[in-house]
Every structure is written in C-alpha cells, then in structure tokens.
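Both complexes shown next keep subunit A, but they swap its partner, so subunit B is in the first and subunit C is in the second.
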Partner chain A sequence: MTQMPAHPLLYVQDLVKTFGSGSRAHTAVDRVSFALAEGEVLGLVGESGSGKSTTLRCLMGLETPDAGDLDYDRIDLRKPSRTQRRRFRREVQLVFQDPYSSLDPRMTVGQILAEPLVVSGACPARERRDRVVETLELVDLGAEHLGRHPRDFSGGQRQRIAIARALVVRPRVLVCDEPVSALDVSVQAQVLNLLKDMQSRLGLSVLFVAHDLAVVRYLCDRVVVLRDGRVVETGTREEIYTRPREEYTRTLLEAVPRLDPAGERARRAVRLARAASQGAAQPVA
Partner chain B sequence: MTASPPRLVREPQAPPAKSRPHLPWVAPGTVGDGIARGARTLLGRHAGVLDVVGLVLVVLLLLAAVVGPWIAPHDPYRADPTSSLLPPGREHLLGTDDAGRDVLSRLLVGARSTLLAAVGVVVASTFVGAVVAAVAASAPRWLDEAIMRVVDIFLAFPSIVLALGIAAALGPSLTSVVVAMVVAMWPATARLVRAVMRQTTSSQYVEAARLTGMSQRRLMSRHVLPNSFDSVYVQLGLDISGAIVLIAGLAFLGVGAAPPSADWGSMVAQGREYVTTAWWVALFPGLAITLAAVGFALLGDTLRVRLDPTVVRA
Partner chain C sequence: MSGVERCPLLRVRDLAVRVRGVDGPEIVHGVDLDVQVGERVALVGESGSGKSTVAKALVRLDPGVEVAGSVQFDDAELVGAPERTLRAVRGAGISMIFQDPMAALNPVRRIVDQVAEPLLIRGVGRREAARRAVEMLDRLGVPRAAERARSYPTEFSGGMRQRVVMAAALVGGPQLLVADEPTTALDVRVQEQVLDLVVQQSDELGLAVLFITHDLGIVAGLADRVAVMRHGRIVEDGPVDRVFLEPQHPYTRGLIGAVPRIDADPGRRLATVADSLVVAREAPPPAGTNRSPADRTQLDGGRS
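What follows is the complex of A and B.
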C-alpha cells in the first residue's frame, strides 16, 4: 500500500463488513486499510454507498466487523479490556452528521455537555461546570446558553454544541461523520473553520468522513478514496487533487462543481472527446 | 428549526384577552369564570376551549369520585316503592329509578368505582404492556418476534369480546371485569411502546450517549425511557376514556358489578326497560359515561400538545 505514517495512532487493516447472507449478502466494506497519525487530518472520501459510514461505525464499535484489525494506540479494538475500552471511549470522540437528531431533545445544553464528563469521570464534579462553560466558549457559545434546549438553536449552533460535547472530555482523536452535509452552505464554512481551528489549537487528530471533495480539500492533510467498499487511492492532499493516479478519483474531482465556466467548458470538451473515443472503441472490443 | 408551527403560537398581542373569560358564554365574575381561569392557569396561555372543557370534565369527575357519597342528596341504595320512577324534579333532580332510588345520588356514588376501575385497568395494562415491550425491545430478534406475534394474536380479538369472555368465566364482579380488561388492553400498549422504544433506541442521540460508554441502565433511564413515554402519557388519557366505555359496556351486558351496586353501566341496563316511559333512568347514566369518556380523551389530547419537546412554545 501507499506510505503509512511511522507511528499511527489509529490503524485499520483489511477491515471487512458484510450485511445479509446468501445471495442477498452485500459486502459494504471490503478489506479497507488506512492509518491516522498523531496530529493528522485524514479524509475518508467516497460517494454514498462507498462504505465510509460503515467503516466509521465499525471503528466506533457501533457495528461488529467480520474481519480485519482495528487498533488505537496499542489497544486492540476488537477485544479491548474494560479499562482500554474506557480510555478509547474518552480519547476518541464522534461528531455525527445530523445535529438535529444527535442531541437529546429533553436535555439542556448544560446537561448534554456535562454527561460525557459524568460518565467518563474525566473531571471532578466541582470543576465540571467550569469545564462545560470553557468548552462552550471554545465553540463560540456562551454560558447563557446552558439552560436552553436543542430546539432553541439553529443547525449551525447545534452542530457547534455537538462538537463541544465531543471536545468536553479533551479527546485526542475527533471522528467526524459528514459534519457539515446536513447544514446550509452558508453555515458550513463556519463549522469547518471551527473544526480547523480546534484541530490546530488542541492538537487533535481528525478522521474526517465526507462525500464533498471541496470540504475535504480544505481540511485534510491526507485523503483515502473509497469506492464500493474498497480503497481506490490513498495520498496526500496535493497528490490526490493535483495528480490523481486512479481514473475514479479523477471522475470524482471532475464532478465537483466549479465557478469557472471557461475551464468547465474545456473540461467538458475533453470528457466528450474521451467518451466518443471509448464509444468508437466499444464495437471492436 | 426556529420556525414555529403557527397553530401553537399566537400573536404577541394576547394580554388584552387576559381579563376576558375563557369560555365566551361564561360571564365574568361567576363561578364558571373562576373555574375557566383556574384551568387556564393550569394549562398555560395557549389552552383552547377544548383543553378547558376536557380539564373541567375530568376535575368534576374526580370531585364526584372523592366527595360523591357525602354530597349525594339521598341514600343511593334505599329502595322506596312509593317514589318509583319519579321524573326529574325539585326533590329528585335527575328523577328516580324503578326501585325508587335517586338517580343523581347513584351517579355520584358510582363515579368512584367507575373511575377507580378505569384508572386501575389502564395503569395495570400500561405497566404490563410497557414491561413486555421493554423486554421485547431489548431481547434477541427471535424472542422479540415471538412476543410481538403473541401480542398480535391478542389484538386480533375485539377487546370487548375478549373481556366479555374472561369476565364471564371469572364470574360477575368488578374485580373480574378489571382483570379481564387488563388482559384485553395490554397488547395495544405493548405494541405502542415497543414501536416507540425501537425508534428511540436507534436515534442518533441515544447512539451518541452509548458512545460515551455509559451503562445500559443509565442509557435507558436518562435517554430511552424519557423520550419514549410521551406517547404513553397521551395514550393514558385516551385509554382511560376507552376503559370507562368498556367497563360500562360490560356492566350493561351483565358481567360487571353485581346488580344493587351503583354502577353507571348497569344503571343504563336497568333503565333500558323504561326508555319509553321514564327516559331519565337510562339517559343520565349514559350521559355521565359519555362526558367522562370525552373529558379524558380531550385531556389526553391536551397532554399530547404540551408534552412534545420538539414543539416550540412561545
């Protein structure tokens, strides 16, 4: 495979997950491997159905993989001990795609942020409130929001609350499952900037799952391209975006809409020419 | 999601309405007005006429159940052949039945047993249904399927037929009616709670909570159950309403409380023979059953609107 970081923090090797059985079996994830280094932002890209969400769910322990290795900082995630599982649960946090459904509608913001602290015991009860307020301020919300419910907030604000919930236990790794795809385009940039800012300020490692290549380009150091449950290509951002080696990656990049009509016309001409030549080649083959 | 459903949010110029009575036909300063104001305080600013009507009916029923025996103008059990089948008048506000017993007194005394039986049935059947649902929802798939198919079998029988059969087998008494109705009513609750819990358990906020590594018990008590029980509370009101009708129906068919006792359903049954000559004997118990059922149904609806946490209230 391509270059693996020297000391990966998170490490996935030949992960396989099949749903259903017999003739209806569908292999959602087929021998996927990648590694996340400390302090790195890794993008996991693919169309819907490419297996990126299933990979993530296996990693977080929400699905049981059929085969393969999952490692986090020398913890074997397929059979961790109690204390290891606790450490993993605390140090690796997930931000969900849809902030409208990932926050308990009955809880106040204060309760939502305090709960991970209570459960993990990450900070003593006396300091809990300070930690919650501090984290809330980190995501540009103030202590005055503590007593409000999720329904009182906009989508972008909710996603910031969700990010705060993930950050409140001071994790080492942030796993983001399409964190902006459910948001309006106008607030996407806001949330992405926040994530980028958090990453550099807190020295987080980030695994970022998305189908939007523009978003990934903005955030990620390295990119893994998935298709039909397999890794198509792995490379640094420059490699993937300037000289992709695989045809599929190129197709994906071409599908990104651009505000460049002249360039788009040129690319379209090339595409048409290529299609025409393939069409001509078909009968012969 | 700051946009609010227009139905629930009134314009901010509500204050002048504050001094106006809630029910347009109730004059200010009267007892009716006082009750309407009290109800409004209890229900919040956005209560509609139906919310108030429901609450008032239920409160009146509760009042009758608690103090009925003391405020009853006559002894509900004393038969007096000389005053048999008297029409509603000064002495007997709602008339007397064939044995000369005061209908109003019997209604007031009967309120307690009707309400206790209905509430008892609903609480017991909801409890049984919720427990079965919780077991099914957290059981392996095959067991879940098995439990729910049994529930389906129960649901396939009309509840009145099922209750009638069981009550008849147990002998005519209020206890056997209650037992029979719990057996007849739990499957509906089980089905409801199971469906809601499935939905709640697979929601992202429960998944998020699970990812913090919290215990199954905390997950259930802090996230799954509180978010699953709204529909149960709402159902409680409707269930009590249905139970009142069903209890009366069973009594009417003769499997309820034994004859001399003041039971609304059996009062209708007794009055049936005199419908053409003494309409009041059957009409007033029937009216009591209807109003009680309507009251609880409306209250259930009020709760539904007030308990939904996703509804933005101004």
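What follows is the complex of A and C.
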C-alpha cells in the first residue's frame, strides 16, 4: 500500500488470520498492512466482518496470527522477550467499546486507576496517588471521585474513567476499539472531544477502530478502509473523504446520512428511482 | 408531506406512563403527539428519554406500566380499552418492528409461516396467507422470495431478517407502522436500504410511520415531522426542515451540534448538550448585563 510513514511506531505487514479449517475455514484477516506514525491518529474503518476487530486482537496479542509481521518500536511482537512484552504492555494501552463491562464493578475509581501503575511498575508507590488524581483531572473528573464505584457514574463518565485508566501509565499509543459506539450522541461528543484534546496535549499516537465514518473523519489524520479482511484503500483524511479511489469507499460514504433534510430527500429520491429502473433493489450483504 | 388534515390517524393527549407498584415513578409526562394518515413522524431522544416507553404504551405492550391520558387511533380510544380491542389493533391497525430482528423471529419456524401469521390469526386461509407472505417478501426485496420463504431465520443476514420482520409487520395492511430503532444494529449500507424500503412502502401504501430513534442523521431524509424527547417530555415538535434548520429548544440545538458530520469541517469542535443548556440558562441576558453575542456563540459550541 502507498504512504507508509517514514518512521512508523507501529507496523503491520501482510497480517493473516484464519479461523476454522478445511471447507469451513474463514480468513478473517487477509494480508492486511498499515503503519502508525508517532503522534498520528489512524482510523481502521469497516463494516461488520471487515476484519478490523481481529486485526486489533492480533496486534494486542489476544489472537495468534497465522502469518505476517507485527512490529512496535523495534519490538517483534510475534516473539518478544519478557522485557519487551512488558514495555509494549505499558506503552500501548487499550480503550474498549463498552464502559459497563470493561470496569470491575467491585473496585473503586482509585483502585481502577492505580492497578495499571502497580502492574507495570510505571510509578513509585508513594507517587501513585498523585499520578491517579492528576490523570483523573485530565479527564475532567476530580479527586472526590476516588472512593466511588463504576455504578455511581453515567456511561460517559465511565468511558472517561476507562480513558483515564489507559492514560495513567503515560502510554505512547492509545488503541481504541469502537470507544463511542455504545454512547448517546451528546455523551459521544464529550468523549470524542476529550480524546482529541488528550491526543494533542499528550502527543499520543492513536489507532482508532470504528464503523462510523463520520466519527473517524472527526478524529483521524489517516484512514485505512477494510472490507472482508482486506485493505480496500489507505489515505489521508482528505483523500479518503473527498476523493476516494475505490468504488467501495464511495458507496460507504454515500450511505452515511447527512443532517440535511432537503438534500437527504433528494438523494433518496434518486436512489429509489434508480432501484425502480433496475427492478428490485439489490440487497447488499 | 401531508398537509393539514382534520382528524389525525393517531392522536395522543397528555399521555403519562408510570411504573406499576407502590411509589412507581412516572417516566413519561404529558406527551401530546399526532400522526396523520400517511405521515412519517420521528420521535427522537437519547437513552432514558422515554421514547420507546411511549411507543409501547400506544398499544399497551408493556404490562409493567400504567398508562394514563388518551391515545386515539382511527377514532377509537385505546387507553383503558379491553385487551380484545388492543389485540385487534395490534398487527391489523398498528404494527411494530424493533431493533433486533432475531428476537422477533422464531428460529425454528419457516419464514413463510412467520410472515403469514398475522393473516392466519385473522382467518385468512393457509394457501392464500402463504401466497401473500411471499408476495410481501418479494416486494421488500428478498431475492427468490418463494424459495427462500421456506428457509429459517438463521439462514438470513441481519438486513434480510429486518426485511422479513417488516414483511410480517406489513402483510396485514396496517395503517401505522411503529418502528423502534429498526436499523441500529445494521451496517450503514444495509441501514440505507432498509430505510429506503420504509420510505418506499410508506409512500406506496399510504402507510403512516412513527419512527423511534436516537439517531438524528437517519431522521433528516425520512421524516415529515420530528418530535424531540428528553426526560419523559416532548421538548420540541415541528416539521423536519424547521427542526433541523432552526431548532427552537436548546436541547435540540445541542443534539444537532453534537453529531459528527461527514460534510462539515472536522476542525470544528463538537458541541455538547451541556454547552447549549448553559446558554439557555443564561440567555437572554438580564437587562443591564453586557455579555456580547460572541461570548454566547462560544458557549454554544461554535454554532452559527
């Protein structure tokens, strides 16, 4: 693929992952390649079954890939040493989709945020509390929340706590798996604004996996479009959204509803007329 | 768009819904809503706004709540009506479809039997009911409908299942389709197709649609009118173009400003509902204060 950054921080080359075997084998990821540069926000976008989640799981060591290279800052992620694995786990942090199931309900916010510090040894014991409070403030929550449990918070606040947990060890890379798709639009806006602020303030590199093309456009500098386990195209935000090279990308973009009643009615009228002239609508999927 | 008609198909007045039991809280307060014959109305709100509660209360689907006020459908009062009346209305007059088509379908029954069921219940003969079921599946774009009608729901994709559910909802020729987040679980291209079908059927059959959703984007090209709900109340109700272009309520403005847009400058910060409500509390500024319009625009998340 084109436009590999000169010095990628995270590098995926010809990744392959097949589930099942024989006639039931399904290749979920088929020679996917991309690179994440330092300080960049890269979007992996695709419909369900596009392979975006499997790619992410391979990257984070939750699945073993069948083939391909995975590199993070000169660490070969397919066979890292113990110290390399520790460094990767500290420097690359994950934010999950569902802030209800990703936080342990029995732990307090203080414990949730301190845990990664204890595990990674990223910060001496006596500085832990300060680091936790500082990080909590970063996501607009205060020290008064330290003793509370996840159930005491709204969905948007929980996602901010999840982001704080990822940030507390001062990572270089944030990997976000559909971090706003379970949230209401007003809460989603808060979390997206927060992610954008954190990224620029902390100079983070972000790998952002999502199905929502408008959300990806708001956040990402470059975009990888996936379909059926393959990379359809890769480009800058500008390239993907204003002059996509592939027909598939165009149809995806076309299908995103706009907040423009007159325009949307006109677009729909055109589609329905086209469908009528071609007989029944050809269903996708 | 339907103009001013004298008597709405659905006329909801002062609808209140309370959770059953001692001290059961009221979760919907004083909702008024009209749907004209053939009109498409979107009821929009975030989670907990009460939009689905209103939808279910129309035909008393949830036994766990008490409904007060008035729901008139086709000139008949449904609140307090006997179960027999409601059963006749459900399926025949008012049909509903929901977010998860798999939950609405029985996995071990053939598609054709499930789509034909509303007809069988009303005494249509087996062969005639099956014929009309297949016809409706074909109309909704299920390829090789006659053949595929004999298969089972698990053999269908998500988009196809939603077509099956829609076929079952429309086969009895209802006047009003209540669609509660029918495309939320679908990919964007499939969503577009399902919404196109809803609009097409509504136009061709003169079918009124009450569309319940959290997604303002899909409402824009679909609805004639939009009602916005928050905390169990309707805060704004108007023609779709007016609500989108000149929202009156600060909450509506906040919701619209919070949506990431595929056609706007990504450098423009998303507004949040809180921003807009702050402005609402502080505006209009009391006489004597000299807060500039620029300050307010800023608070409003950079609208205008």
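What we mean here is this: the second predicted complex is superposed on the first by the 262 of 285 C-alpha atoms of A that agree within 3 Å, B and C clash if a C-alpha of one lies under 4 Å from a C-alpha of the other, contacts with A are read in each partner's own complex, and residues count from 1 in each chain.
Convention: contacts are C-beta pairs under 8 Å (C-beta built on N, C-alpha and C of every residue); 3 or more make two chains touch, one makes a residue touch a chain.
Everything numeric in this text was worked out from a predicted model, so none of it was measured.
Novice: Touching A:184, do we find subunit B (first), subunit C (second), both, or neither?
Specialist: The second partner, subunit C, only.
Novice: Touching A:67, do we find subunit B (first), subunit C (second), both, or neither?
Specialist: In the superposition, A:67 contacts neither subunit B nor subunit C.
Novice: Please indicate which partner A:151 is in contact with in the superposed arrangement: first for subunit B, second for subunit C, both, or neither.
Specialist: first
Novice: On the A-aligned overlay, A:275 touches which partner chain: subunit B = first, subunit C = second, or both, or neither?
Specialist: After superposing on A, A:275 lies in contact with subunit C but is clear of subunit B.
Novice: Count the residues of subunit A touched by subunit B and by subunit C, then name the partner with the higher count.
Specialist: Of the two chains, more subunit A residues are contacted by C.
Novice: So, does A:125 touch the first partner subunit B, the second partner subunit C, both, or neither?
Specialist: In the superposition, A:125 touches no partner, neither subunit B nor subunit C.
Novice: Would you check which partner chain A:116 touches, where first means subunit B only, second means subunit C only, and both and neither mean what they say?
Specialist: A:116: touches subunit B, not subunit C.
Novice: Touching subunit A in the complex: which residues of subunit B?
Specialist: Residues 1-2, 203-214, 218, 222-223, 226-227, 309-310, 312.
Novice: Considering only the defined contacts, which subunit C positions touch subunit A in the complex?
Specialist: Residues in contact with subunit A: 46-47, 138, 141-143, 157-160, 163, 187-193, 195-197, 199-200, 214-218, 220-222, 240-241, 244-245, 254-263, 266, 269-274.
Novice: If we count contacts the way the header does, which residues on subunit A are in touch with subunit C in the complex?
Specialist: 47-48, 184-190, 192-193, 196, 211-215, 217-219, 237, 241, 251-265, 267-268, 271-272, 275, 280-281, 283-285
Novice: Spell out the part of subunit A that touches subunit B in their complex, as residue ranges.
Specialist: Within the complex, subunit A touches subunit B at residues 60-62, 85-86, 89-90, 93-94, 96, 98, 100-106, 115-116, 119-120, 149, 151-152, 154-155, 162, 165.
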